[in-house]
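Several structures are given next for inspection.
Look at the two complexes coming up: chain A is in both, with chain B in one and chain C in the other.
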Partner chain A sequence: MSIKKFAVAVYDDEAVLFPAVKKVRGAGYKIHDVYTPFAVHGLDEALGEKESDLHIAGFIYGITGTCTALGFMGWIFTTDWPQNFGGKPNFPLPAFIPITFELTVLFAAVGMVLTFCYLNQIMPGVKKHIFDPRQTDDKFVLVIEVNDQNAAETEAFLKATGAEATNIQVAESDWWFGRFDKKEDYEIQQQLA
Partner chain B sequence: MLNQEFKVPAKLKTTSLTLLGIGIVTLLAGLVFLLMKGDQMAQNRFWAVLLQNSIFFLLISLASVFILSATSLAQAGWIVSFRRIPESIGSVVWVFAIIVGVILMAIVWTNNTQIYRWLDPAYNPKNSLNALKNFFLSKSFFTFWTILTLALWGWFGVKLRALSIKQDSEPNGSTKVYWLNFNFSAGFIFVFALTLASTIPWLWIMSIDSHWFSTMFSWYTFASSFVSGMSMIMLWVLYMKRQGYLEIVSTEHIHDIGKFMFAFSIFWTYLWFSQFMLIWYANIPEETIYFQIRMHGPYRIFYWLNIILNFVAPILILMPRPNKRNYFVVTLVAIIILVGHWIDFYQMVMPTTVGENWHIGWFEIGILCGFIGLVMFLVSNKLTKAPLVPQNHPFLKETVIHIS
Partner chain C sequence: MHLKYESIIREPLVDGDKSYHQITEDICSPIESKPTKLWTIGFLISASLLGFGIFSVTWEVYWGTGVWNLNRTIGWGYDITNFVWWVGIGHAGTLISAILLLFRQGWRTGVNRAAEAMTIFAVMCAGQFPIWHMGRVWDAFFVLPYGNTRGPLWPNFISPLLWDVFAISTYFTVSLLFWYSGLIPDFATLRDRAKTKFRKMTYGVASFGWAGSAKHWQRHEMLSLVLAGLSTPLVLSVHTIVSFDFATSIVPGWHTTIFPPYFVAGAVFSGFAMVQTLLVLTRKVLNLQEYITIGHIEAMNKVIVLTGSIVGVAYLTELFIAYYSGVLWEQEAFRLRVMGPYWWAYWAMMTCNVVSPQLFWFKKLRRNIWFTFFMSIIVNIGMWFERFVIIMSLHRDYLPSSWSYYTPSWPEVGFYLGSFGLFFTCYFLFAKYFPVIAIAEIKFILKTSGENFKNKMDVIEEANTEHFIEEQLHHHH
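Take a look at the complex of A and B:
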């Protein structure tokens, strides 16, 4: 939990955003984040983001699901409560495959969604600062963390990259528990100031 | 400046003609040593091998026409960068159609009951219960439907290519031919659904075991041919790239074809397993007889090879993202898939025709070489006929900047 100062640039078009990202990174600024209304293809590479390890987590969840299904069914039908279904063996692998498949998918899907939420800090009741309300509608918002010395200079640089609007915001950089329909104290103070 | 004019390299030409030569020599040798001999099993081997190979190569070439139509209907941009390759493969479908037509007609009109048991009138009793099946498996319907299907497939393959080449000479930005192509693609999908995706595999392959039937069979054959077709497209794209052509095809496009190979290997397994599990679980003798010979009989090696080559290998090798973007790995998997599905077709055709006396010997390999040579020769010749990148295609820019 720390209140920081940010230079915010609002772009109108992804065609402007891409060269801007390139220029900002070329000039040596460290980008805090870019907010877009939709998934922009290639932006992760332009930002120099590393490939996420989410799919490795997904593979582990999937294998866990496979083992859970086979292990549990195997234990029930061979040890706990063996029954004879139509003369089939007690561990009929083909008959278990559909359930194993379903459990693999279920574990992988649910696990990956939860991991994704954890990595991106999104959950019901978790609130983050929104730099521009239109970042979920039709604007592309680029945010750089600044300090008191370089704030004005950074803002001017962002303006020169073709931003439609720029401003300096003091905001919480991390997440906190709260509600998006309610303003926090410091947000109200910020607006009054 | 893009390298648009493909010249067939001398090495490719010699290889393809050599393979084709091997195929023709094997066919002649087969005529003398298998067909002319009085031995029934040798004759069955001759016809079954020709049937399996010709249908396999026809269906994997046809997969190119299908992927072209499907992507045209979905208005997909990514395929445009290497569109000429499936187009070239699709435009030689008619050659394979003629070969399949000749072989099937030869089998049916010589009353070869060793291949198609239903040709024997005593085998399918005439009663009201089988009335529809007797109509479906009759010489006249078989001939009519086969020839109609083959003609339509060949025609659509040539037509889609002709339209794409017509687009080259249209003014820039014109979408007239594009929409024409869209409509013809829709027509092909309709024909495809009524033929390959339903009736044709029943007629040509499933009717070999004429008492056994499975409604999944056509879908399973379709998945088999489609995943091998994508692998063949992959091999051609990579070959052209290694020769210095197709500069606008990037790793992103290769990644996308790799995804198709990965996803449809799983799709094939899904269908194969759905067919297998219901029969295994219900355990009705007239159904399990199909798997008895394949799982526990002389064909069990192919049964396991089928699962290993067509499911375990592609899913494990292609699962990590970097592997789908590695040219060597995708080449390897494409070859594994093609071999695996050739074996899949082998175990569809052989158990009921040659039974225990299966071979993978000089005749099988020779005929396979012949068909490989034929594909290489025909497709490489087609590729020289038109620029390698479609000119004035509306999605050309989209395909160049494509990110998978």
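Take a look at the complex of A and C:
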């Protein structure tokens, strides 16, 4: 856990956000994150994010499923408990295909969703700081980490990029276990101060 | 911003003057208001049906499957009919969310959430039938390949009934994951606008702490795409495997290679019909006509007339092949279907599935809400009879002395009614507490397919193409 200071800019539309991102990056600021209410295509590219490798993970999980199914059924039918079904072969590959396929899909899907949750650090009970309650509704929020020296200057810069509103927030930058209906200690202290 | 441009000739997918915030309001406000009287009544009816179903099943477990009217000749009756019927219905959701995603069909966004929910509930209902048919249901886990003290003795991996166990459970799991991964951002929307403490807490847990970070959205997009790619063959495999239950057995009328495609088409047919039944009501009750437009309904009716025709061709092919094969047993099985003791079921199936959907060739009827609703019920009655007809092929055995007739007993009917109870209880809860429309996805298509944005496109329509592309690229990258 680490509590940091952030300059926050709220934009009204993705059409305003894109040039703003360009300006902010051009000026040499390091963007902490951008929060949007839906998947904005091209934003990852604009932020200089790499393509996600999640599909490669999915492929590996899928292959694991294929091998598990074939290996397990093959071992049972040829080694552990071979049976004679009307003189048919002990390793009937065509008849193994349905279960092999299902397990491939099952492993790939479950594995990918778990990896997705792990990479994004999300799970039931996890709490993250929400910079603007409307970032999951209709606002586009750009956040830059600042210190006491450059806070005001950064905020002014963000204001000039077409932000509808800007502010400075002291917030937890990581996730933690918590409830969304409760205020955290650092938030209460901030309010008192 | 994407370079996608949709012609103004295409019907808008979101009607009215919508902004991002208005979309949130429209979809979230029914969740945040008190349940209506209509909802309460509907929920109570469903819950009591479910109660009656539980009673019927308890009765069956206590006395044994003997309380069902199955006999030596007709060993499969209502339960397998209902199983296949519900699984079939459960095919539309994943078809809409997966296959239409890969085909880039924008209209899926309005209906995918509810259709996927419907899929999950339908598969839950379907699963009940084989489980309770086991009789000694406490031994149901014997179907799983676990290390046991009997050898270990494994289940038979080359039996289609075991394939079913794997197919249905995989299908249920993957559909659930697909559905829930789409729900996470929408739960976050509900959480951040929640006024009550309880709502903030529960949606907070349900949203997994989603905040909407750009990197997370990128992964989310990737996840949806790959899950769609996985679900597309999956949805086709499930009903294929269900059809193997019949096709791999050496029973006249069942042992045919046409079964897999014919079952899959029938499944999509009945699934879309059930989606229509639910959405025609949901859009009215929750006031979502601007999101689930007549255009959406028409698109689904087109799928219904297509799959209905495929099913019709399959029925006729079956008859022809029976005649052409020259196999006496096969011919007799089909003669009995058409004019045997169960002729009424056959003709009910033919009328509902083949004849009546053809009316959807008329645009006026495709776009008529009441006609759509009526037809959606007719189609599902027809599809139920299809499964009943196939299964009742058993009534004439090879020995005339074992010829038989089957009518369900009250616990069987009660079980079937109970599955409706389960389905609608779940659906009512879903419609009240979950975002019925994928909020984030609708926002994503708003600027290309929203009515108000389309109206502003006249300028772009007249603009020079080269110039437009250049400006877009320059503007955003």
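Side notes on the structure shown:
The rule is simple: the second predicted complex is superposed on the first by the 185 of 193 C-alpha atoms of A that agree within 3 Å, B and C clash if a C-alpha of one lies under 4 Å from a C-alpha of the other, contacts with A are read in each partner's own complex, and residues count from 1 in each chain.
Here is the rule we use: a contact is a pair of C-beta atoms (placed from the backbone, for glycine too) under 8 Å apart; a residue touches a chain by one contact, two chains touch by 3 or more.
Since the structure is predicted, the reported quantities are computational estimates derived from the model, not experimental observations.
With both structures placed on the common chain, the touch criterion links A:Leu70 to neither chain B nor chain C. In the superposition on chain A, A:Ala7 makes contact with neither chain B nor chain C. Touch criterion met: A:Ala95 reaches chain B and chain C at once.
By the document's definition of touching, neither partner reaches A:Val146: not chain B, not chain C. After superposition on the shared chain, chain A has more residues touched by C, the comparison being chain B against chain C.
Looking at the shared chain after the overlay, A:Ala109 reaches chain C, while chain B stays out of its contact range.
In the overlay built on the shared chain, the residue A:His55 is in contact with chain B and with chain C. By the document's definition of touching, neither partner reaches A:Ala163: not chain B, not chain C.
Once chain A of one complex is fitted onto chain A of the other, the partner contacts of A:Gly42 extend to both chain B and chain C. Common to the chain B-facing and chain C-facing surfaces of chain A are residues 41-42, 45, 51, 55, 95, 98.
Residues of chain C that touch chain A in their complex: 1-2, 19-21, 24, 145, 151-154, 157-158, 160, 162-163, 166-167, 170, 173-174, 177-178, 181, 184-185, 188-189, 191-193, 197-198, 200-201, 203-206, 208-223, 225-227, 230-231, 233-234, 237, 241, 244, 439-441, 443-444, 475-477. Contacts from chain B toward chain A in the complex involve residues 273, 276-277, 280-281, 283, 319, 321, 403. Note for the complex: chain A touches chain B at residues 41-42, 45, 51, 55, 59, 86-88, 94-95, 97-98. Only residues 14-15, 18-19, 33-47, 49, 51-52, 54-55, 58, 62, 72-73, 76-77, 80-81, 85, 92, 95-96, 98-99, 101-103, 105-106, 108-110, 112-113, 116-117, 119-130, 133-138, 175, 179-181 of chain A touch chain C when the two sit together in their complex.
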